[in-house]
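Labels A, B, C and D are assigned to the chains in the order they are written; within every chain, residues are numbered from 1.
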Amino acid sequence: MNRLAAALILSLALTAAAQERSLTGKWTATVDFFGLPIYWQLDLTQDRDQLIADFAGARGEGTFAGGKLHFQGKDAEGGSKEVTAKIVDGKIAGEVIWKQDGKSGSKPVAYKFSAARNPEAANSAPKTHEFEPTVFRKQFSALYEPVLTVNPGDTIHTWTVDSGGVDAKGVQRSLGGNPQVGPFYVTGVVPGDTLVVHILRLKLNRDYAESTDGIVPRASNRDLSISTRDTGNRIRWHLDLEKGLATPEQPSSHMKNYAVPLQPMLGCVAVATRPANAPPGTNDDGYYGGNMDFNEIREGATLYLPAQVPGAFLYFGDAHAAQGDGETTGDALETSMDVTLSVDVIHGLHPPEPRIEDATHIMAMGEAGSLDGAFAEANANMAQWLTDDYKLTPAEVGMVFGTAAEYRISEVADRNAGVVLKISKQRLKGLSH
Amino acid sequence: MNRLAAALILSLALTAAAQERSLTGKWTATVDFFGLPIYWQLDLTQDRDQLIADFAGARGEGTFAGGKLHFQGKDAEGGSKEVTAKIVDGKIAGEVIWKQDGKSGSKPVAYKFSAARNPEAANSAPKTHEFEPTVFRKQFSALYEPVLTVNPGDTIHTWTVDSGGVDAKGVQRSLGGNPQVGPFYVTGVVPGDTLVVHILRLKLNRDYAESTDGIVPRASNRDLSISTRDTGNRIRWHLDLEKGLATPEQPSSHMKNYAVPLQPMLGCVAVATRPANAPPGTNDDGYYGGNMDFNEIREGATLYLPAQVPGAFLYFGDAHAAQGDGETTGDALETSMDVTLSVDVIHGLHPPEPRIEDATHIMAMGEAGSLDGAFAEANANMAQWLTDDYKLTPAEVGMVFGTAAEYRISEVADRNAGVVLKISKQRLKGLSH
Amino acid sequence: MNRLAAALILSLALTAAAQERSLTGKWTATVDFFGLPIYWQLDLTQDRDQLIADFAGARGEGTFAGGKLHFQGKDAEGGSKEVTAKIVDGKIAGEVIWKQDGKSGSKPVAYKFSAARNPEAANSAPKTHEFEPTVFRKQFSALYEPVLTVNPGDTIHTWTVDSGGVDAKGVQRSLGGNPQVGPFYVTGVVPGDTLVVHILRLKLNRDYAESTDGIVPRASNRDLSISTRDTGNRIRWHLDLEKGLATPEQPSSHMKNYAVPLQPMLGCVAVATRPANAPPGTNDDGYYGGNMDFNEIREGATLYLPAQVPGAFLYFGDAHAAQGDGETTGDALETSMDVTLSVDVIHGLHPPEPRIEDATHIMAMGEAGSLDGAFAEANANMAQWLTDDYKLTPAEVGMVFGTAAEYRISEVADRNAGVVLKISKQRLKGLSH
Amino acid sequence: MNRLAAALILSLALTAAAQERSLTGKWTATVDFFGLPIYWQLDLTQDRDQLIADFAGARGEGTFAGGKLHFQGKDAEGGSKEVTAKIVDGKIAGEVIWKQDGKSGSKPVAYKFSAARNPEAANSAPKTHEFEPTVFRKQFSALYEPVLTVNPGDTIHTWTVDSGGVDAKGVQRSLGGNPQVGPFYVTGVVPGDTLVVHILRLKLNRDYAESTDGIVPRASNRDLSISTRDTGNRIRWHLDLEKGLATPEQPSSHMKNYAVPLQPMLGCVAVATRPANAPPGTNDDGYYGGNMDFNEIREGATLYLPAQVPGAFLYFGDAHAAQGDGETTGDALETSMDVTLSVDVIHGLHPPEPRIEDATHIMAMGEAGSLDGAFAEANANMAQWLTDDYKLTPAEVGMVFGTAAEYRISEVADRNAGVVLKISKQRLKGLSH
């Protein structure tokens, strides 16, 4: 087939596609900002050759003719976006000239972009993926290649190395520092959605864990800093998987009969952050989840994390055989684990910080550079949740907090401290919405 | 019997007492510092007319002759105390010339003092006191007249007004601000001892409580401050004592079926502080207990408070029908209550901050001007407890924290925030000491 | 003159006074709440026998006849105040029946009160008072007897003992802990006014000061806590009043040539707090001023403190020969001092926290249980100041902060930390109001 | 020349090199940990074919023969490192088998590494580099290619874009968020050294700057959050470079005469962090410097930053025309700038946090998630400085702090807050060391 014939067929195919499918709908645009991708939502309404567009807040009109789009929109700050693009393989590809606002001294700049239509709900049957990891990541980055693509509803069965990078057989598989499995690309998730993660099964897969015997600075006042100045030694714990107990392998005199019930948990579950800024390391946590080290992120818990990028890019790791509140030693009973979890998506909900749910409670996490800050963030997260889902007024939120708040200190070992506000589902049953 | 004969007999009796009873033992001296009492421990060893003395750290020797004591001691800082005193009615009364230390520029000063022998354990049978309060106090002060003197082992049955000063019949009995019942003088308690308070029964005695619907500043981030800016209204709750439920009397639309289980608690339990400094108000808390607002200070709980003055001067009040963690509205379901508690003493133990115990846990409280500060104080308090009672090393304390810590945020509504570290008695069983 | 004649003349005089002077005006009522005084503002408008009254927010009407007042008012919360009183010696004396609000479960209660007319500006010539103190106070209390009554405009010349209670001659005059001179009653000041204190002269009056060599816990991280664990010893400094230098009396090897310029300052300046709550101790600070330990409260500085009680009850003390920012050792170069200051009043201004002014800056203090809290309070105090005096909008306040803020950490040694926001008067000159 | 001859000559040359130069000395090894470089210091002592080695704490002995090294060392934790390597082009290249410690459950792992000899001081004449940037970076990463290599003593003259990525001509050159010039590789710097940066000249190069009018959450209490809820608008400032003044371009009514003196400063100066963990973004700060936003980092200031990687990788940017303390609006007067600075190195000094020096003061920065944390870090940094350079004991440090501390709040706008402790050089003159 000569090039002319090929072009003709392609042209006809594109025309046919344009005829059978309107541009009307929501798109996610990936804009190239000096080498870094920025994700903008594009909302189009097409009426034959007329277009109405909302491109990340810039609203205006334009035309669609011959597979080519052109529109210009203005935003509330007096800025403008002018788009010249065309349809290529069902995507929109082109250029946007962005003028930031009316006051700014900076000149308009042209950026390349392409936009894909936001996916419909997958109607394939849920699937279970057996995943064997070979590489472990130390950043919650959207720039790593996804290790697997899954659909909402799918289940992932895999395993994690411990926080030091060691697997079930004692083999070092990665540099330490909470190396993660992932990222998993979840189809149909766009920025502004919530990634839902159900933790179905956390199964210990080796007979030891490691920890230390110190108390982190944040947990110590002056006297405790002084009295513990010679601690911080490594402690190995034997994990008796049958009895469900952890015991120190070489117990000191007072600890000979000391045993801790095994309560497997995941220290890290995260979505990737937007690539415009430096990605968080896997020892950090925040609105994206991450190294939350909350001992109720265990079997039966469901997490809600705000997706920042298309596909969400799910990461997890840093399994603990057991952990006291706060992870005061700076680490928990660190071990490897078999993990089974399933994913889902809620479109259009975007919690300000991670949310967790189990059989008895809803739980809002707050994370900040101090416990005082984390506490206030947890309250704001829960207040928003009660407003989103239960339609409570601010005064009603106050009444629920005053009578039903249960606080936990999730973590003090890392850069952020974490506080969790739990509300019993028993209390929530009394709310009419 | 004429007066002369009586005097003679008394004189003989005193002489006999002086002869039969050595000065050897521990005494509590009350020293008059420009009108304010200071309590110093005095430790005497008498060998006929020779004395060895330790007077608040100043150690030295002296004499006891003709009912008169004289000794001089030096302390580690280079200061000295010279005592000239006599025995009057079984007490030591006299003067101490105190030179503060070797470096200080201040001159020695003479202070009057009297000292009473530290009491032995009471061997009378425990007694229950029915106490009808008539006055309510707003300072945890050692300068108020005790309302009742009780022995270790005794039980007190009384009632409290609510935080606004209103009693079970709705009658205003005091200015609001957590007015307290007390002070109760507990015989045999000296500074350095621990006052033990067992909360035996907390019985609601009226059918309403009052609260508000706001969220305190400490619990709010910027967004929550703005969204709740018009809250803070008073809410009346109906207390259904039969069903054990509290419900808003005039519920807003979403709260029509909202009900809170009644969990009566005491917002305040305290010992008095040393009179040398200003006493705390009843809305404050600290090492003396006070307005801790911790919802596990309820029936079945035992408190351990460090006595600061002879008799400890127990106060309590500010009963709550129910309260979420943190008292985030700034008040709980404030109500009046019938209270039954018993007291006891542990000689020579002096916890740095309040400790609490119930059927399942030991709990160490920390209180400070921030949650971060309170958290560190709670840890130091528990570390000291595990060292005192379980003889753990600092590293063992670290291991117990790392595997068994459970944190609660007790209160954020007052000047101090409170954090409680709980350790399950199940875990403690494994400790050999 | 016999008693009958005298009574008759007095009666006539009072009648005449009553006739010639209307009740119209502002009064300060002292209400007896179960033994504690509460101050309420009473605003009366009299038109012959008709009265319009605003009694602490309760507004209503009533009558004045035969020297007797009766009125009833309602407040915004649905509460009411009913007053029955009469004129006695130019004061109003009687009873108020107060019903707190529409929702509260508490019953109305009758309280005795008396009210005095708010004073006019004194038109006597300013006077200098030589005051020789004999007693020193350790609480910023309104219940101590004033040591002297002064008028706005008057100057006080007196002296202070050091923080340990020792005077210029090395004589212990009080128990330590920042004993204060005062309280001074300033005529014409009522709650809601601002007491103005001009520090005219701070003159050192002895040749030594005392300090320590530690670093307070709040200033130490874990490492610094450990490295300084054996510090905290007392250091005596020689004050060379001629050269204006302080040097350690027994310098360690590296400090032989170390000298600090003398910069005398007052650690404490305060008004009394309302007696309804426990008064602050003299080691505490807050909205009332107190132990602020800010090294710019020195000669030439003016303080603005919000009066809480009639007469304001001014206290001061805790002089320092020199002090680094923050008072990190827990004390400064503590010494005695000759103090000259004058007082004034601004009616109707009530800063939320202390304000200070000198030749070059206005300074807003914030005090809280953490530096983070104190910092936010300082900003709110200054924002209010710029709004009060310069009529700035919130956005204009933001612009001034962003370009002219200068922060100091005043103190970290006591329960509250202090932060001061300074704005240069040079910048303020550009503001048009 | 055929390959055999070439190989022979190379072999002879290497042998000659090996003969003339011993391995004795300090080397920096780059170890490949699963794709991430780790830098270990290697200290070798060669005596003919015998080697003594300290490889990152593992000490032991071995052999050097035929261009091949082999040694094995043990560390204090019971771990071991076994090295098999050879000399290639003057570098050591080979493999290290690392066993982490005696207790750990993980197995030994082999890692590839190469080591270069730590450089001698450059003896070339200092040079000034005119550098024209073309790419701007948003991470303080050691994995970006250096844009220029300079020697200690050299001067760099270049320019920066503003925090939004806009240059002197108003052209957008990068995505916003403090894009940086750099990294500059400084020869002779190894991990453990200090990079010294002298800021020689900061020259404004355009006539406008941009800012906003809000107050950041960390600077606001509840009331200030509510009152400023509608602020946060962009403000353009005119920069009058002649008069040295900034004025709002469209001033509101009260600001018509408001002018701010220009005080150019660099918001960011940083070294790269170790690549084993995620690099910080350019809106973050810490021990590596970064976005410190301290308004005394201006002409005449010298910075001391702890090098983390060979070459240090210097970055800078985010210039401000003027800034109040704390950067309370969330940004300063953001603008572009011509920058001249020179670099130097101090071998073997490694400050825990950034240090700064100017004509009058030494300044120790502390950065943490709260002002309280930052304050303690600043104190620890300065205490270490006084110990390092002035040999003070902990008690002497306490005395200097207590009499000479001057604190500044550098920044509250980003994730970390910053506090700076300044000590006057006038005070330091009195210290004998």
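One rule holds for everything that comes next: a contact is a pair of C-beta atoms (placed from the backbone, for glycine too) under 8 Å apart; a residue touches a chain by one contact, two chains touch by 3 or more.
Note that the coordinates shown come from a computational prediction; the quantities given were computed from them, not determined experimentally.
Undergrad: Going by the stated contact rule, which chains contact chain C and chain D alike?
TA: For chain C paired with chain D, the chains in contact with each are A, B, in label order.
Undergrad: State the pair with the higher C-beta contact count; candidates are A-C and A-B.
TA: Spelling it out, more C-beta pairs touch across A-B than across the other pair.
Undergrad: Please compute the C-alpha centroid of chain A, do the same for chain C, then give the distance between them in whole Å.
TA: Spacing between the chain centres: roughly 52 Å.
Undergrad: Can you compute the centre-to-centre distance for chain B and chain C, using the mean CA position of each chain? Integer Å is fine.
TA: 31
Undergrad: Using mean C-alpha positions as chain centres, tell me how far chain A is from chain B in Å, no decimals.
TA: Centres of chain A and chain B (C-alpha means) sit 48 Å apart.
Undergrad: Which chain A residues touch at least two other chains?
TA: 220-221, 235, 370, 372-373, 417
Undergrad: Within their complex, state which residues of chain B touch chain C.
TA: Touching chain C from chain B are residues 33-34, 36, 38, 77, 100-101, 103-107, 109, 136, 138-139, 141, 164-166, 170-175, 177, 206, 208, 210, 234-236, 276-284, 368-370, 372-373, 415-417.
Undergrad: Could you list, by residue number, the parts of chain C that touch chain D in their complex?
TA: Result: residues 211-215, 218-221, 223-224, 227-228, 230-231, 233, 235, 246, 248, 252-260, 322-329, 332-333, 370-373, 375-377, 379-380, 383, 390-409, 412, 417, 419, 427, 429-433 of chain C touch chain D.
Undergrad: Please give the residue numbers of chain A that touch chain C in the complex, ascending.
TA: Touching chain C: residues 217, 220-222, 225-226, 229, 370, 372 of chain A.
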